[in-house]
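Several structures are given next for inspection.
What follows is chain A paired twice: with chain B in the first complex and chain C in the second.
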Partner chain A sequence: MAGPITIAFDVMGSDFGPAEVVAGAAGLSLEAPQIHALLVGDRDAIGDTLKEIRHSGERISVHHAGSFVAMDEKPAEALKSKPDASISVAAQLVAEGEADALVTAGNTGAGILACAQRFKLIPGIRRAALAAVYPTRRLHGEKEDPFSLILDVGATVEASADDLVAFAVMGASYAKIISRNPNPTVALLSNGTEPLKGPARVVEAHRKLKEMPGLRFVGNVEGVDIPKGTADVIVCDGFVGNVCLKMLEGVQETVIELAGYAHKSKLRWRAGLAMLSSGIRHLKEVTDWQQYGGAPVLGFDRILIKAHGRSQARAIANAGKVAAKAAASDLSRTILAGLPK
Partner chain B sequence: MSLPDRIDPRPPRHIYRWDLDKTYLQTEFDTFRQLMRTAFQKAAEKVAVPGAAALIRELRSRGDGRLCIISGSPKQMRSVLEQKLRLDGVDFDELVLKDNVRNLLRGRFKALRGQVGYKLPVLLKSRAAAPPDSDEVLFGDDAEADAFIYSLYADLLAGRVPEPVLRQVLAAAAVYPDDAARTIAIWRKIPTADPVRRIFVYLDRLTPPGRFSRYGPRVVPVFNYFQAALVLMADGHLSAPQVIRVAIEMVQTAGYNLLTLSNSFQDLVRRGLPLESVANSLLRALEGPEALFHEIRPFPDIVNAFTKRLAALGTAPAPPAAVEIDYLALLEDARPRRTSTVDDSKTDPRR
Partner chain C sequence: MAGPITIAFDVMGSDFGPAEVVAGAAGLSLEAPQIHALLVGDRDAIGDTLKEIRHSGERISVHHAGSFVAMDEKPAEALKSKPDASISVAAQLVAEGEADALVTAGNTGAGILACAQRFKLIPGIRRAALAAVYPTRRLHGEKEDPFSLILDVGATVEASADDLVAFAVMGASYAKIISRNPNPTVALLSNGTEPLKGPARVVEAHRKLKEMPGLRFVGNVEGVDIPKGTADVIVCDGFVGNVCLKMLEGVQETVIELAGYAHKSKLRWRAGLAMLSSGIRHLKEVTDWQQYGGAPVLGFDRILIKAHGRSQARAIANAGKVAAKAAASDLSRTILAGLPK
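Our next item is the complex of A and B:
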């Protein structure tokens, strides 16, 4: 795709309100001249924030939306009762071609549902998948990302064997484009590495993936392999993926809390932690999810990046960059080309 | 004795006052190296801000305007600056430059960087010689104290600033006592009038536009000169075809496109500038037979882009409220600035 790329930002509904999303888009307008931001949400709230922060007025436009879906609302009901919700308006603008991709830090279910109602699934894809990046021991791709991709983490609770195969293709395509990893390894999450381990759909998916040309399938991996980074892309259904992701987040938070506890309890431990502080800071920077920006929802003919609800300006700007990169490199076409014929 | 080619009996109705560096010219002098490079640049190497030359040419083409340029560049640069303006097809009436050699010889080091002590008396002196019923539009930038100086100048002419306030401002801006006395003396001679209609601040440093709300709605920060042209059209200084010609120059020479132009338009509407009628006039002008206008983009695209940007906002935002400017509270803006230590270029698409 040549020329400027427009990213629609659902400004409302994130944990920090419009300020952080607007600030992220404003930062992007200064950093990346080829990216234009279309801010969708309350016109006055956006205007009030925008006029107080550095931005390029040439690369930002606003589309008013009268309401929004809050984090605690039920997606289907909320979207039905609020047709002018910012996520619906933003998805509609992307569907109509006014923007090339959508970034939201709001209610995940509402984001996916709003897009499902307006975007088309790529031919050959039956269900969309939410992919997430997570920090790993091994580095991946040309960019040496300390992250792997896991999908699905919640969009499709029960996936068939064909869905899992499609997820594998979508994840590999995404890793090729975003992580600049020309030949990413793909693995299937199971309860053993043997091909016959796991439920029937996983066994069948294993057989199909093994026969797929153009896909570097490395077989099954176990939960322990996720943080090791054994594969660049790990495939599972939404139920399993969500449990894994939450567990990874929980472990990380617990480790940090334990470090705080150690810091308080003994002078020797405090001294030890102080000596390690620059290393810990570096580790935190390297594995900081904010630098990755957001999780892509794959399978639609349009790009949707779901940023974390607690995303601050930097994460939003990075989500915008990821969205622009995916749109510019025509991710949907790459996925379509990789699907079994 | 030869007669002049043309005798124009009409006094100028409009005076357009322009700053040069960072307003008309893309100039970098925040570091010593940049200062040296700027000083030794040839006329052809100097680059104008996109659309600035076209805007001036259009304003001048109406025949009832006077162009007065006031710059902090040293007098030694007169020849190269005049040459640059000629290259751009910009015809001016006044070009005032700073006598920094004289300041150096007199040991007036504070005057080297000071803006208020230099610009304010020059503006007042020029006004004293202008036709009393002429109105003024001023163009500056966000790099120095232009919004402050221009607003103060406008309110001094209108009799809205008492003399003690002016004295305090001059003292705070580190203006030498004799220069301050000279400034006050010139001001006292000018009959009270309210000629300044608009002050444009070109956002060279991309300062948040809201920072200028303290100066009231007369000050309009602009990201580019297409925005200035739109406001000048609403104010009756330009016609729709003239605005389109400014846009065309920006498209052809600086890579502006339908998105950046329509976003720029919406940015002003969001800030409460009443531009709906301007949009309608522009669209009517585009429907005309002039093939020139089709150079930007096919006509339906232009119509769509502007109408969509208007419709996207829903109801028109409220216009900005008029404010009484408290110059004493804004004194910080008048003090000479130190060289910036922040490297804006890393996050600045203009660089």
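Our next item is the complex of A and C:
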């Protein structure tokens, strides 16, 4: 792709407010000369922050949007009642070619829906998928990356066998291009490793995936394989994936639980936990999957990166870099080429 | 119920072989005068163990079975090719009234299928559910029990809205009678707490559960609420429940993961972990849900208790006690009374 890549940032609706998102884009403008940031949201709030913060003026532009969707609003209703919501305006700019990709730290459902209303699905894809990059025990690919990809985690609550096959192709393409893992292993989440285990849609997806050329399908995996990282890409419907991902976040609380036992029990345990406290903090950081440059929404001809609502400037800048990498790559073409003919 | 309660023990097919199951029943015969143990399996193996071990001869009887289903066999095929398998013979004895309940530490699928072929479903129940009792952070009921119940975890892979409603009633009845929690909270597992979140079957189940008199339905819970123990009873289909339960077992490995980080990192962390090692061992024991007297299969007019394949004598005896408690109680009647009219 020639010239700079333009990333539209929905600066509104995140937990820390517009200033944090603007600060992330401002930082990016100084360190990533190939990226142009198009900030979409309240022009006064954006202007106030830009006045205070170092940035490269020629790599940032502003597009006003009169309202925004709050975190606790219902996506469909909010988008309908607020046609000038920042996420809708930003998605429209991307759809019209004014920007190449979209980053938001706001309401996840509103982000996906605003794109679904304006972006085109890649031919052969019927449903988009939200993918989460999360840390595992096993290292992956040539870069020995500790992360796996799990999709869908909430965009498509009910997925057919064909949807699951498409998710597998999308996840493998993303791992190849963004995670630079040239031959990623792909597994199907089920209640047993045997090919006939699971609901009908999962059994059918297994059969179809086994026949897919160019896909390194390693069969079914079980719940315990998610934190282990048995496969580079794990495929499931959005319902199961969402439940699992939220359990995974509960890992932090397990550590706190251990602390609770120690508190009630031996002095020796308390001393051990005190010595470990920085280790536990470290583990909490490592298990916060949403810090890793955000979660990509796959399946559209343009990419949406959903950054964590609590993202600080650093995480927003990372999300912008991932979005630019996806936009500059041939991700959509790789997905298209991998789909069943 | 007058007179002793007879529990049929399938002594074959567990990881430690017949001697361990026989030893559990032998221990039970000495400490629980109200229970009669009917040992089903290879008569020579049973006789050899009984000769070596203290037991009350008048509370144990033996019924020979010529074969058994191994842990790695496919249930349907194995039961068909081995009509004299111990689990089938034991289920038949229970169905004919020769015993009041069944305990097995063998192949889970074969146990459920053998019962499904011979037991009657409680009127109004269309599918059985395997329930797992697991430890949580929150304490439950008047006894301040640290355990929650999650069902189904693998008996019914695809459940309809009505099945989920029936699982809720069965789980609440079990919590009332066996866990002595007179007014248990019941929640539906979904991808969000709002009533309209989830696949159609879950949304419909939510609507129906809200209207159920006599059920303390607290709405939807998410993945993170499983280890927390937000509700006393969590309801889901067997596919999602199985995946979640296996992730929960992975908690042990998270602790090992923490140890791995510590190993690679600071000396201070290593020292802390060494001091915590007995605490970690304790946590591993507490999180091994399958040690708690086994997992009940609910929905039949007779109860099946699935003990862990690695159960030792103590766990088998506990499973026998739970089975006797369920058989002596009005569990089936409580379930029947709670179902929608």
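A few points about this structure:
By our rule, the second predicted complex is superposed on the first by the 301 of 341 C-alpha atoms of A that agree within 3 Å, B and C clash if a C-alpha of one lies under 4 Å from a C-alpha of the other, contacts with A are read in each partner's own complex, and residues count from 1 in each chain.
The working rule: contacts are C-beta pairs under 8 Å (C-beta built on N, C-alpha and C of every residue); 3 or more make two chains touch, one makes a residue touch a chain.
Given the structure is predicted, the values throughout are model-derived calculations rather than measurements.
Contacts of A:E31 after superposition: chain B is touched, whereas chain C is not reached.
In the superposition on chain A, no contact is made by A:L139 with either chain B or chain C.
Contact with chain B, but none with chain C, is seen for A:H63 once the two complexes are overlaid on the shared chain.
In the superposition on chain A, A:K51 makes contact with chain B only, while chain C stays out of contact range. Once chain A of one complex is fitted onto chain A of the other, the partner contacts of A:A337 are absent, as it touches neither chain B nor chain C.
More chain A residues lie in contact with C than with the other chain of the pair chain B and chain C. Within the superposed three-chain model, A:A76 lies out of touch with both chain B and chain C [touch as defined at top]. Annotation: chain A has no residue touching chain B in one complex and chain C in the other.
Partner chain B is touched in their complex by these residues of chain A: 3-4, 6, 27, 29-31, 33, 36, 43-44, 47, 50-64, 66, 98. By the touch rule above, chain B contacts chain A in their complex via residues 203, 206-211, 213, 223-224, 227, 256-257, 259-260, 262-264, 266-267, 270-271, 308-309, 312-314, 317, 347-349. Here chain C touches chain A in the complex through residues 137, 154, 157-158, 189-192, 198-200, 202, 222-224, 226-228, 238-240, 242-251, 253-255, 257-258, 260-262, 265-266, 268-269, 271-276, 278-280, 282-283, 286, going by the rule given at the top.
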